[in-house]
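What follows is chain A paired twice: with chain B in the first complex and chain C in the second.
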Partner chain A sequence: MTEPAKLYFEDVELGDEIGPAIISVSDEQVVDFCSLWGNPAPNRFTDQEQAEKVGLAEPIVPGIMSMALVSRVLTDWAGAETLADLDLVFRGTIPHNQPLHIGLLISDTEQDESGNHVQCDITMTGPVPDRPYIIGTAQLNLPSRS
Partner chain B sequence: MPTQIDYEYDHSLYGVEHESGPFHVSREIIDTYTRSVGEDNPIYTDPETAKAAGYGDQVAPPTLCALFERGELPDIKLQFGRRQFHGGQRVEPRAPIIVGDTLTASSHLKDVYTKTGRSGTMVHVVWETTFRNQAGVVVADVQRSQVVRE
Partner chain C sequence: MTTYLDLHCHSVASDDSRATVEQYLKFVNVLRKRGYTIDGIVLTEHRKFDFDVDYSQLASEYGVMVLKGAELDTCFGHMLVYNITRGLAKDIDFGDVKMDGRELIKAARHHGGLVVPAHPGRFGIGLVEYMEQGESFDDVWIVERVNAGSKPEENERAQELCQRTGYLGIAGSDAHLASHIGRAVTEFKGDIRNEPQLVDGLLSGDFRPIYIEETAATPVG
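Now for the complex of A and B:
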């Protein structure tokens, strides 16, 4: 496809840090997402009482919604067509209406006959940076200037 | 010294593909998805921008197909623990998903394994799903890891 490149392989170096992007998710966003997902409110993602019934302190952001937020940060940075692999581990429950810090660290760059590949480590944290909500990796395939 | 953990489940699910769908990717679905996650890349929000970029129509964000996994996977009848949570998710986009596409999903049980940490032993149940569009083109491979605690 022909989306103008936002980022080229040559623009990225091992060890580069991107972000953190700071995002928060409102109650209304979670309700909309759950409705689309076939899990209409009230449920543990949208309602305090339902959350407490399953042992949660408060309603949480669904895992696949938080994945969409990470994907958004990646494609905002590198372009809509670049994401080849996104692999996330959910380490903690993610609250609504709180700043979520999504950071990327470039862990490898490689060019071969199949393309120009960039690997990055991903973290999503809240107020305590060493207790991530999400850790993971992504592979992006970028265009080359050459 | 690791402790041997007893857990039983339906091993006959290995090697069996479970088909689900069709899932129609409407403009409303993409618009609601992008709005709910704050996505504003015009490739995903504006049909004209997407067409100018060479796509047939508005493009779905790469993780959208994970929406369609929910509730479509069989019960493995795991006899272990009581508390379940979503432990991880992997999406490998293979081809763009466009407004008007109709997807089907083929899922199989990939792995069931244990991990033991400070909070005890957990069983991980991993499902792998391949999504294809109406032309039979693979658009995404998705893995979902469900975790069950002691």
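Now for the complex of A and C:
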């Protein structure tokens, strides 16, 4: 038996805001991610000295880990099978152990022969109003109720 | 007659934007449904200007004015340029990221355009930094006082600059995403329908920078 979809095209409307989801990335999580990724510690993502060598004030969250975190927020909301494209622009370094606010906003909806397409604008910021660490968009293909 | 324009935004023609012009226009109508007023947007693509692209059909379809300008990199920070003519494009290399900002300001006025320094309070790259280093800008009298993409303290620096110098201020969203369009707009006391009228409106000095919330006839939310 097929499970019902988490989210249908008819459930979203242009301008809808989702979140923000608030997460934090610990030092240990970055070390684990780097190990799985094949970039074992110490490196600029895990080690203060290595970070300073490349001009960073402190170790940062790897970009592909941030992409994974954003992907998870999207798929937790809409379902794993819906994410068709993720396009992020990194505008700042992302710190460990700080609240990261990931907000989604429906910026376009379109139905055509190829499916039911939804575009989400994405921002990742710190806890205070500031320039985002990340901006970007995601394309989701959602099922229709009809 | 009052005209509300977002004087600073980037479409996918800029390398770091992820919004199409049509998505911006759709979102302007979302803002209108929420009770806000916005008459149009001015596309200010990074380091380029396309004379051939025509948004009049889209503008008509969505009922939103679309004007064109540019945001150019200069040795004194980013500068917004309005009413770009072929003469200006012939005299200035828009892709030159080290161009002399003062020369750009003079050239734009010579060709009927106007230059407004963007996000002057931004740390590291704003006009304030250069003024603190002793540079002076006799031909500047309008700056982007509110940039919705800047940090609050950077907009405060821009406000302090205006208070200190008497500069007038405009506002723009600096949107790179569809949902960021219109967050800050410039309110003009007058009817503006094209780029030459925009320059006239700026030269008149009869405008003010505001956040979109201030355009609501009644408080929203």
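The rule is simple: the second predicted complex is superposed on the first by the 142 of 146 C-alpha atoms of A that agree within 3 Å, B and C clash if a C-alpha of one lies under 4 Å from a C-alpha of the other, contacts with A are read in each partner's own complex, and residues count from 1 in each chain.
As a working rule, contacts are C-beta pairs under 8 Å (C-beta built on N, C-alpha and C of every residue); 3 or more make two chains touch, one makes a residue touch a chain.
Owing to the predicted nature of the structure, the values given are computational and were not obtained by experimental measurement.
*Asks:* Kindly classify A:Asp85 by the partners it touches after superposition: chain B alone (first), chain C alone (second), both, or neither?
*Replies:* First partner only, chain B.
*Asks:* Counting residues of chain A touched by each partner, does chain B or chain C come out ahead?
*Replies:* B
*Asks:* Using the superposition on chain A described above, determine whether A:Gln119 touches chain B (first), chain C (second), both, or neither.
*Replies:* In the superposition, A:Gln119 touches chain C alone.
*Asks:* A:Met67 in the overlay: touching chain B, chain C, both, or neither? Say first, second, both or neither.
*Replies:* first
*Asks:* Which holds for A:Asp76: it touches chain B only (first), chain C only (second), both, or neither?
*Replies:* first
*Asks:* Applying the touch criterion given at the start, work out whether A:Arg145 contacts chain B, chain C, both or neither, answering first, second, both or neither.
*Replies:* neither
*Asks:* On the A-aligned overlay, A:Leu14 touches which partner chain: chain B = first, chain C = second, or both, or neither?
*Replies:* second
*Asks:* So in the superposed three-chain picture, is A:Lys53 touching just chain B, just chain C, both, or none of them (first/second/both/neither)?
*Replies:* After superposing on A, A:Lys53 lies clear of both chain B and chain C.
*Asks:* Between chain B (first) and chain C (second), which, if any, makes contact with A:Trp37: first, second, both or neither?
*Replies:* first
*Asks:* Residues of chain A that sit at the chain B interface in one complex and at the chain C interface in the other, please.
*Replies:* 87, 89, 136
*Asks:* What residues of chain B sit close enough to touch chain A in their complex?
*Replies:* Per the touch definition, chain B meets chain A at residues 29, 32-33, 35-39, 41, 43-44, 53-55, 59, 61-64, 66-67, 70-71, 83, 85-93, 96, 143.
*Asks:* Could you pull out which chain C residues touch chain A in their complex?
*Replies:* Residues of chain C touching chain A: 16, 18-19, 23, 26-27, 30, 33-34, 149-152, 176-180.
*Asks:* Which residues of chain A touch chain B in the complex?
*Replies:* 1-3, 23, 29-30, 32-33, 35-39, 55, 62-65, 67-69, 71-72, 75-76, 80-81, 83-90, 136
*Asks:* Which stretch or stretches of chain A touch chain C in the complex?
*Replies:* Interface residues on the chain A side: 14-15, 87, 89, 105, 107-108, 119, 121, 123, 129-131, 135-137.
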